[in-house]
Amino acid sequence: MQLGLIGLGKMGGNMRERIRRAGHTVIGYDRNPELADVPSLQALVDALEGPRVVWVMVPAGAPTQSTITELAGLLSAGDIVVDGGNSRWTDDAEHAALLAEHGIGFVDAGVSGGVWGLENGYALMVGGQAEHIAAVQPIFDALKPEGEHGFVHAGKVGAGHFAKMVHNGIEYAMMQAYAEGWELLQAADAVTDVREVFRSWQEGTVIRSWLLDLAVDALDADEHLEKIRGYAEDSGEGRWTVEAAIDHSVPLPAITASLFARFSSRQEDSPQMKLVAALRNQFGGHGVSTGA
Amino acid sequence: MQLGLIGLGKMGGNMRERIRRAGHTVIGYDRNPELADVPSLQALVDALEGPRVVWVMVPAGAPTQSTITELAGLLSAGDIVVDGGNSRWTDDAEHAALLAEHGIGFVDAGVSGGVWGLENGYALMVGGQAEHIAAVQPIFDALKPEGEHGFVHAGKVGAGHFAKMVHNGIEYAMMQAYAEGWELLQAADAVTDVREVFRSWQEGTVIRSWLLDLAVDALDADEHLEKIRGYAEDSGEGRWTVEAAIDHSVPLPAITASLFARFSSRQEDSPQMKLVAALRNQFGGHGVSTGA
Amino acid sequence: MQLGLIGLGKMGGNMRERIRRAGHTVIGYDRNPELADVPSLQALVDALEGPRVVWVMVPAGAPTQSTITELAGLLSAGDIVVDGGNSRWTDDAEHAALLAEHGIGFVDAGVSGGVWGLENGYALMVGGQAEHIAAVQPIFDALKPEGEHGFVHAGKVGAGHFAKMVHNGIEYAMMQAYAEGWELLQAADAVTDVREVFRSWQEGTVIRSWLLDLAVDALDADEHLEKIRGYAEDSGEGRWTVEAAIDHSVPLPAITASLFARFSSRQEDSPQMKLVAALRNQFGGHGVSTGA
Amino acid sequence: MQLGLIGLGKMGGNMRERIRRAGHTVIGYDRNPELADVPSLQALVDALEGPRVVWVMVPAGAPTQSTITELAGLLSAGDIVVDGGNSRWTDDAEHAALLAEHGIGFVDAGVSGGVWGLENGYALMVGGQAEHIAAVQPIFDALKPEGEHGFVHAGKVGAGHFAKMVHNGIEYAMMQAYAEGWELLQAADAVTDVREVFRSWQEGTVIRSWLLDLAVDALDADEHLEKIRGYAEDSGEGRWTVEAAIDHSVPLPAITASLFARFSSRQEDSPQMKLVAALRNQFGGHGVSTGA
């Protein structure tokens, strides 16, 4: 089938390639003309036969918002827009409603796989109406891994991004888990070669996982991670996961701790620890052995 | 080769079977005569040709302590004792010193694999002197998974149990990660079928892992876990991991949060929340909309 | 001066009394006619001479929203509305804008003091334009404690509720701090009489505070808090504090832990600990001494 | 009465002064001859009439251990040793047993008050036998604040240090609470003058406390704490509090978070966040907007 794909960055470009390998036609648009197959959204729409499926793969927030708004004006009733970016799930209902005014369907798709997706396939969590999803299914089948898993129709509009958001929250805490273990092994002198311990865990243990495999790859590239700063970005989903948990009175101690560890990692100096240090000075002064 | 194996419970019994399948001779002893091949530790020692290798697989703490003390009196110089139980790594140096007085070698072995180890193999993290480990290697090879990983000589005496302890700390936080995500998905109504979302994550995602596969198995057996209480034991290693981190000034927020979540799960009523509730009563009373 | 006061519950009723004791005239309205001085908002507005000051002391959210909307239609240019409830600070700008369309001023006031405010005074954190605050100052002076502190013009509209929100976030963690200490003292058998330890801390220690005094009062009423469930509500500000922190990438580990402890305290059974327990069953079964 | 006082640092020196002001005789010894009244422990013991009371106020651990051991050889049956330092409560039973062999009594005293104790008095939490405590009571009365609180006989030997340990754990979380609130107020632009908000909280609020007063003093000295690094030491009691909680399966999320925040504040770069960053690189690379 034909697909219009908007956003041909690292993720979008690889997805185009994987979909083409499956025998589909992808017409891609990107603001960067060197990446694009067509020069404009209008040209993209004109190049597709109806009913069209257009996949939006641009940054969450304003870029996705404006792209979908523009598509609402360009597409026709019966067409379908898929938002495969990392949009906040609460944006999806708005986008669906805007498109529905024009008779255009909407599917939200959480996509996991990173740079490995081109070869291994992308895990897909999608939300929307069954008939809209059915229309995109050949593309989903091209993108997903070859096994029996890696695709789920998670519920109505928003469910795909919600599931992807929680996936990322879990990911934060799993990464933090390995990271805490690694730091402790490094800090103690009990274990001679921390990397070999991590490597051994890849089979037979309870904690074997793809993330562990990646950790071993990272340690093989730089055993003590000397070239890497302890500075970790977060991309939104972790924050939204905590906010969703607060909305539902669900305690998320490990995921939230992982998010806060990233916040702290980005501070040159910790304002809160300045006040703690100042308070310690006020009642006793540093170095008073008996404290207060 | 010949192995003496002490402790034939669920773990020890399966390990005997896996070692025998590899062609070795295992003489097992257990306090329960129905499980044992010999009637006493003395009989076990008598039945083995020297130099002997005796693997202790009994509960950590006093049972392991007393077994090793008894073996120190029964074994001969040149024999080797392996502690494959979940001993605290700080016990290992004592045990090694006690046995060394008699010329007996000591190896500590952290073993991961649970009920799956019989078929899949057991991951092994071992500590001790190279010549002691070499003497046990055929047994380690029989127990470990068939792939290239799953075994590591982690360092000197204690390193095996230290590595296993950190492994379990990581495991706590990984289990907590999936559990938090599951609770949030259940609490929100965005996703129609939480189990199918978990199932889909088994391929292509960043969070795919063996623990995730087990989570899906558990949900297949009882979709909403209605037959299971939210009550989680902990077996020592999580606590020791946090204590080791404190000794080394290493922050472990996610692992510690996971440990504390288990503590809380076992309380009928939370004493600390009684005081919080009492304080709220003191300054405003429940239901005062404007709070304090 | 004259004040219109809407909402005569436990907080509003006490505030009316304290303002009257200071010699001002308070005309109160409440949906409950037994509490009200006038039968309607219209009657309240009619009874006040312009320029009027009307203080809204009703639950945050829809009740405050609808009251302010109604007042926008009833009051005149030059009048001032004070929102003294626990509104989310992000609501304030909207309310100010709505009133400004009619030339009506707006002040947001965070109020702390609980049932003790009648005698001790209420701490006030207010936001808005200086001239609006000046017009209300006699009322603020009547409400505040007699000392030199307890009142602050925290900034523009929203600043009062923001400061109060953070105040409550801090309160959550302080209550949690005492509560954790109390539980630990109760759990260990080192200390004979935990209440007497708490009592002694009221003088000379670093941790003396008004909350500590309240804790002692609570323990005097019920030494082991046997009549109180470990069940703690939260009233919104704790959640908003965490959300504001997430918006600004500020780690709040202690405040968030305190919020989550309240969430957990309200669960009959913990869904997330069900999954943890289920996972433990999957790989080893309860009671397997060597774990996994 | 007469008191022998060993350790005349900032705390010990001030305590000597306060006890003297109450009319007692203090003979002080310190390794630093400029501070000492007598040249040796032997001279201290010789200078006191029996039954003697000797107060040890030296750093916890080896210095306290060796001082008490030496005193065991110098003092006579019927004398009493008070350990007023920040010893770990688990050391107390050993010290008491060692002294009891010589018929010497032992009292452990947790002391709070910092540099403010000289004028305000020191809060005292003491453990030991009633007759030993009675013998020291005049000194306790001299040291404690003038009000009715500030002294408690908390239980048998060890109870004083245990109570002081928990006191410090609570202190960690209270300091963290204010610190988190301060950082959030600074980070958001809602509030114009954070220091004035803190100042206002000193009366009428739920969170008023002595620590809050100290925070205002610190902000008055350096409004934005620009001269202070966000680097906070910890002196042992926080760690021991968490370890005691683990021993008793008591969850301490806020206190532990406060301890870990201090650990993190002392790291130039976070090893664990290196691994998190490395994992992010492995699956997607920085700057991939759609993440993984």
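Remarks
Which chain is which? They are A, B, C and D, in the order written, and residues in each are numbered from 1.
The working rule: a residue touches a chain if its C-beta (ideal position, glycine included) is under 8 Å from a C-beta of that chain, and two chains touch if they have at least 3 such contacts.
Heads up on the chains, UniProt names are A, B, C, D = 6-phosphogluconate dehydrogenase.
Everything numeric in this text was worked out from a predicted model, so none of it was measured.
Touching subunit C and subunit D at once are the following chains: A, B.
When every chain is reduced to the mean of its CA atoms, the largest separation from subunit D belongs to A. If you average the CA atoms of subunit A and of subunit B, the two centres end up 33 Å from each other. Distance between chain centres (mean CA atoms), subunit B to subunit C: 46 Å.
Centroid to centroid, with C-alpha atoms defining each point, subunit B and subunit D lie 37 Å apart. Multi-chain contact residues of subunit B (touching two or more other chains) are listed as 112-114, 171, 176, 178, 180, 183, 187, 206, 211, 249-253, 257, 260-261, 264, 272, 283, 292. By the touch rule above, subunit A contacts subunit D in their complex via residues 9-12, 57-60, 84-86, 111-116, 168, 171, 175-176, 178-180, 182-183, 186-187, 211, 214-215, 217-219, 222, 225, 228-233, 235, 237, 253, 257, 261-262, 264-265, 267, 269-286, 288-292. Residues 206, 239, 242-243, 246, 249-253, 256-257, 259-261, 263-264, 266, 272, 283, 292 of subunit C are the ones that touch subunit A when the two sit in their complex. Contact residues of subunit B toward subunit A in the complex are 89, 112-114, 117, 120-125, 127, 144-145, 147-152, 154-156, 158-159, 162-163, 166-167, 169-174, 176-178, 180-181, 183-185, 187-188, 190-193, 196-197, 199-212, 241, 244-245, 247-255, 257-258, 260-261.
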